[in-house]
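These are the structures, in structure tokens.
Consider the two complexes below, in which chain A is the common component and chain B and chain C are the respective partners.
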Partner chain A sequence: MADVNITVDGKKVTAPAGTLLIEACKSVGIEVPSFCYYPNLSLQGACRMCLVKVEKMPKLQTACTTVISEGMIAITDSDEVRQARKGMVELLLGNHPLDCPVCDAGGECELQDMTFSYGAAESKYMEPKNHKEEQQWSPVVYFDRPRCILCYRCVRVCGEGMDVWALGVQNRGVGSIIAPNKEDHLECEECGMCIDICPVGALTSGAYRYKTRPWEMNHVGTTCAHCADGCKTTLGVRRSETGMEIVRGDNRDKSGINGDFLCIKGRYAFDFANREDRFVQPLIRKDGQLAPSTWEEAFELIGKRFKEAREQHGGQAIGVVGSNRTTNEENYLLQKFARVVLQTNNIDHHRTADFPAFAAALRGKPESTASMRDVFNAPAILLIGNDPTEQHPLMAWQIRNNVRLHRAKLYVVNSRDIKLRRQATGFLRIPKGAEGRFAAFLNGDDSVAENLRPVAGTGADAGESRATTQTTPAGFRDQLRSEQNLIIIFGAEIRGGDIASVVKFGSGIAGAKFLYLADYANSRGAADMGLYPDLLPGYHPIADSGKFHQEWGGVPQTPGLTLPEMVDSARSGKLKALYVVGTNPVGRFDIDPFVFSQSFVVVQDMFLTETASLADVVLPAANAYEKSGTFTNTCGDLQLVKKAAEVSGSKSDFEMIVRIADAMGADVHKLVPFGRGTAADMGQSRGAQSGEADRHSVWLEAHGLEPKMSPFDPMAILDEIQRLVPGYEVSRMNLLAGNDQRTSLVGRASGAAQNPELIAPANDHLFSSGTLGRYSRTLNSVMENHDQQPAEF
Partner chain B sequence: MPVLQNIAAIAKGMSITFREMFQPTVVENYPDGPGPLKGAIFQERYRGVHVLQRDENGLEKCVACFLCAAACPSNCIYIEAAENTAEHRISGAERYAKVYNIDYNRCIFCGYCVEACPTDAITHGHGFEIASFNASDLIYRKEQMLAPMPAHMGANAVFNRDEVAAGAPSLPVQGS
Partner chain C sequence: MRFSDQFETRFAEMITHYPTKRPVLVPTLLYAQDEAGYLSDEVIEEIAERLELTALDVRNVISYYSMLSTKPRGKYNVQVCTNIACMLRGGEELLEHCEKKLGIAHKGTTPDGQFSLEEVECIGACSWAPAVQVNYDFHENLTTEKMDRVLEGYAKKGAA
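And now, the complex of A and B:
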């Protein structure tokens, strides 16, 4: 659009036509106060804080609803404007209780800030304030009515942003109140966005209420440990008897890929970390019982038994199971430990998507994967399978708001009436399990078209969808072919050869990108880092281990056992030792616990899961909120995981792997390349409170010059990952500064054919999160409130 | 005549000494004086050991807003907040201080906490006898600083009724 020139406080501003005055002011650093205005939400014009003087207009104008026009002259700071703002604050404070000392928002309240900046210290009103009791609307949302200033942000974010419409306004004018649309409680996705967006303390979080104050906590921006979308969550931590305790999670720092968004899991489901029944010391099975022990004893025993198994029975007798929730560094280290120290390729993890097939299909097109940010900007999106609203809340938010704000076209293909059909331009309902056939159909195989007819009587019509015409599969495909820059998002229903069909179809569309949905925080990272029996990091086939072979010196050349094969091997007594890191295969795959009675089982976990309960040694592990490293989300966005909390008695999986290797007599220097780099800064300046010293260390770290004196330093392994794993050559400086970095999926000829049967999607919904979710009280209470059951394993 | 000048100077000086010798003494009779303060006399503004006040209903005034801790230049105030419930009501507002510690090893008695307090809950008392051979004794807990119940609610230092009911001696609070 053409640019428009205006003058604000004597400054010349040029902005595209259609820009709001408040945004134009912001672009030159002039702040116009407002409560009800929020970027990317509809305009409300309710709070009247943003009044400015516009020349040739008779009265003061609201900057948030005034569109700039050529030659406009605005004044944002004059006696008249200041007087108006002061009057507005006084009116807002008319019935606002003065309970700042107890209010949760105290210290980060926009009304407090505005009162300090623009308000008067005294009020002319003598009338008693109208008090109303606080209401609980859901297990996690409380509402304090007198504090509400009626900016309607919560109503709009719930409706427009989340498409939930759980909040509304009752009555009119001065009698207006914010209220749930369903009697006295919220029927919603419990995302807590209304709490985050509330400028005052009217909506408060059930998890954080009255616990502490914002300035009393340290705020650590890290990556969420739950689903594979990789939202940035800011954890508020404070000292506790056992180390550092997480008090709240929120989206205070809106710099992440999630922008304004955070779902219930990122906001409230950190509470597993604070549970009392966590392991805080190693346990060793003695006389059939797990008894508390010491770290030294545990590592010595594990080292001895692993070494025995390797020397007497060979690496084939040892199995390793990795996790979807450990960092990239830990996953890389684990498979390196398995291959180099344990001399085995028997390493696997719970696969929730078929990334090797995806990588193979994308061979020669490394830049054709879509990032999370792309989903918000693409002109057209095709979604096959999955239900992002439940399983990928951020993905759903990006799609929904792309449709709302950019009028993107969304095409949905699903066997269920998923919620995103309400945003869809085209919705095609197919029978359950027909996603693979649909992929073939996309690719031109018309013989399966008949099988794509929805099952009769299941309401396959457009329903609430925006789709105007009844869609036939053929018409749907033609419509897709006419799109450009299409992002094709597909769930784990599509696997193996079907992925190749989808990619082949997409290749016919200019600028098409692909996105494959896995289920856990680092599912993609686990796949990229090679937790496969037949693939090395970066999907290198085992047989072609070239540079890894050189670097590591001796990798077994035969593919190892998959997880089910390990179970069979244990059943026949061949598997002498099993090393399980941060995962619960026995519970997840319903394995008969007696299978492992002949094996020496070591489990690293936080809780007594089904797997941990049959272990010979249990090592208490730190979770992702208690260690540093990186996560790769399902789109391939690499993000930093920062240590926020600490529970004394637990160790990171990284440290435990290194200590076990050491106990086995392996050369730890070869496993973790530590002790290199410059010796200029021996750490004297580290940990100092001075910003100078801190910046220095960030610079050193970013350039790989950091001393890395510790064998437990994940950055040492990140060096090796960046050197050896294709696609991970990202900017360290940006990564460490907390920005998401794009990795690319460098496809190669898939070595051994992957067995799609091994893929077990987690099928989590909004309030469940695999084994981890079982240990979150908030998730359980919300689930109880919604009368839902955790997802079946 | 320097000699005479010297004698005059000494006589002048000694005259002050002898005059003061017959004045009544101003030295406090601490610690041999009468009363609980043992003869010590305080200005009203004296800043001694803190007292956490109660309101007229006997509820604690402190609402655990953490402003005292934020204002404290020596970082000696430690608070843990908890939520009042209908059955377990400690303070007048939604929140109360479950733990309120002041570390008198560090406190410099500057009074900033008293100034910061929005509910007038923390005040300076006149307590000053807090010397100890054990530094950890100098970390005062809330129970040690809390004012007794107001007079009409039985001011006999029963500041913790549950403990007294359990057999604890109901002695006056030290330093209050």
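And now, the complex of A and C:
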């Protein structure tokens, strides 16, 4: 759009036509205060805090609803404007309690800040304040009516942003109140966005309220440990008896790929970390019982037994199961440890999507995967299968708000009436399990069109979607073909050869990009890092182990056993040892626990899962909030995982793997390339020159040159990942700054790891999250409240 | 939920007047209240569904307008104006008289379900103050005696 020139407080400002005055002011560093204005939400003009003088207009104007026009002259700081702001604050405080010291929002309250900046110390209003008791609207949302200043942000974010519409405004004038949709409680997705967006202490979080003060916590922005979307969550931590305790999760740091968004899991479901039944010391099975032991005893025993198994029966007698929730560095290290130290390719993980087939289908198209940010900006999106509202809340947010703010076209193909159909331009309901047939149909196979007709009686609910005409599969396909820069998002319903069909169809569309949905925080990372019996990191087939072979000094040349094959091998007594890191295959795949009675089983976990309960040695593991490293989300966005909390008595999986290798007598230097880099005087860490140490270390770390003094430093393995795994050559500087870095999927595999039957989608919904969800009290209480079956323990 | 044919005809016509469905909400609520006496949960659900709104949304609008009620009201809703003109000409005395006579207070309903009473703001009949509106009918230049006759008239009508 054409640019418009205006003058604000004597400063010349140029901004595109259509820009709001408040935004134009912001762009040159002039702050216009406001409560109700919130970027990307509809305009409200309710709080009147942003009143400014615009020349030639008789009265003060609200900067948040005034669109700039050529030659406009605005004044944001004059006696008149100051008087108006002061008056507004005075009115807002008319009924607002003046008990900041006991309010949950004290210290991070916008009204408090505004009163300091613009308000009056004295008030003309002597009337008694209206008081109402606090209400609990859900296990996680509380409402304190007198504190509400009626900015309607919560109403708009819930409706426009989340498409939930659970909050409204009732009555009018001074009697107006924010009301939940079920008279005295909420029936909603429990995302907590209303709490985060509330400028005051009216909406508070059941998980955090009245526990501490914002200035008493450290705030660590890290990547969420739950689903595969990779939201940035800010964890508020404070010292506790056992280390550092997480008290709050929220969205203070809006620099993440999720922007304003965070769902219930990122916000509240950190509580698994604080559970008292966590393992805090190693356990060794003695006389049939798991008994506490020391770390030394445990590592010594594991080292001895693993070494025995390898030397007496060979690497094929040992199995390793990795995790979807450990970091890239840990996953890479684990498979390297398996291949180099245990000398086995028997390594697998719980596969939730067919990434090897995806990588193979994208061969020669390294830049054709879409990032999470792309989903918010694409002009058109095709979604096949999955239900992002439940399984990928951020993905759903990106799609929904792209449609709302950019008028993107959304095409949905699903066997159910998923909620996103309400944003869809085209919705095609297909029979259950027909996603693969649809992929073939996209690719031109018209013979399957008949089989795509919806089952009688469950027809497409056209009334609720934006689709105006009944869509036929052929018409739907024609519409798709006419799109450009389409992002094709598909769930794990599409596997194996069907992925190639989808990619082939997309290749006929200019600028098309692809996005494959896996389920856990680092499912993509586990696949990228080679937790496969027949694939090395970066989807290198075992037969093509060239550079890994050179670097690691020998990789076993025969593909190893998949997880079900390991179970078979254990059943026949051939699997002598099993090493399970951060996963629960016995519970997840309902494996007969007696199968492993002949195997020496080592489990690294936080809780006594079905797998841990049959282990010979259990090592207490730290979770993703208690260690550093990187996660790759399902789109391939690489993000830093920062250590926020600590529970004494646990160790990171990284450290434990290294310690086991050491106990086996392996050369730890070869496993983790530490001890490289420079050693130098890094300057003063205290006093006048204290910043010097930081400047040295930031630059050195960004260039991978900081001294990695310890074999437990994940950054040493990140060096190797960046060197050897194609697609991971991203900017370290940006990564360390907390920005998402896009990796590319450079497929080399073909015909390998094509076992679509091994893919077991997690089928989590909004309130469940695999093992972590089972141990989250908040998620369980919300599920009970929604009359859903709480997770089994 | 069944509405009369007249309601359905009106509704079908109104809905064609606007590009979206929401604008017909307020008249629809009023007509529905005229038929059903008040806006029950059932009526709210029905209207929300017809206009593709949430029930919460419909309730929000109802709560804004004092003429719309979600609670049952008497057959005759006596609305006594006590705004400035009526007040100066005895509106408040008239309200007090009605309260005594009917034995109910503001927003109350008689046990037999015949009358409810409401104190309202200006009803636009200042020239003939004090004025009272019963359902859609106006009664003007009232005194307590005249008011008694008005109420008796409705009581008879209601008993018939």
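Here, the second predicted complex is superposed on the first by the 770 of 793 C-alpha atoms of A that agree within 3 Å, B and C clash if a C-alpha of one lies under 4 Å from a C-alpha of the other, contacts with A are read in each partner's own complex, and residues count from 1 in each chain.
Quick note on the criterion: a residue touches a chain if its C-beta (ideal position, glycine included) is under 8 Å from a C-beta of that chain, and two chains touch if they have at least 3 such contacts.
The structure presented is a predicted model; accordingly, all values stated were derived computationally and were not measured.
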Next item on the list: State whether A:181 touches chain B only (first), chain C only (second), both chains, or neither.
Entry: second
Notebook entry, point to check: Touching A:571 in the superposition: chain B (first), chain C (second), both, neither?
Noted result: neither
Next item on the list: Mind working out whether A:211 is in touch with chain B, chain C, both or neither, as first, second, both or neither?
Entry: first
Margin query: According to the stated criteria, A:53 is in contact with first (chain B), second (chain C), both, or neither; which is it?
Written below: neither
Next item on the list: Mind working out whether A:99 is in touch with chain B, chain C, both or neither, as first, second, both or neither?
Entry: first
Margin query: Touch test for A:172: chain B only (first), chain C only (second), both, or neither?
Written below: second
Checklist line | Which of chain B and chain C A:307 touches, first, second, both or neither | finding: neither
Margin query: Under the contact rule defined above, give the chain A residues that sit at the interface with chain B and also at the interface with chain C.
Written below: none
Checklist line | List of chain A residues in touch with chain B within their complex | finding: 99-102, 106, 134, 209-213, 215-216
Notebook entry, point to check: Which of the residues in chain A come into contact with chain C in the complex?
Noted result: 165-172, 179-181, 464
Note to self: Using the touch definition from the top, list the residues of chain B that touch chain A in their complex.
What the structure shows: 63-67, 69-70, 81-83, 93-95, 118-119
Checklist line | For the chain C and chain A complex, residues of the former touching the latter | finding: 52, 54-57, 59-60, 63-64
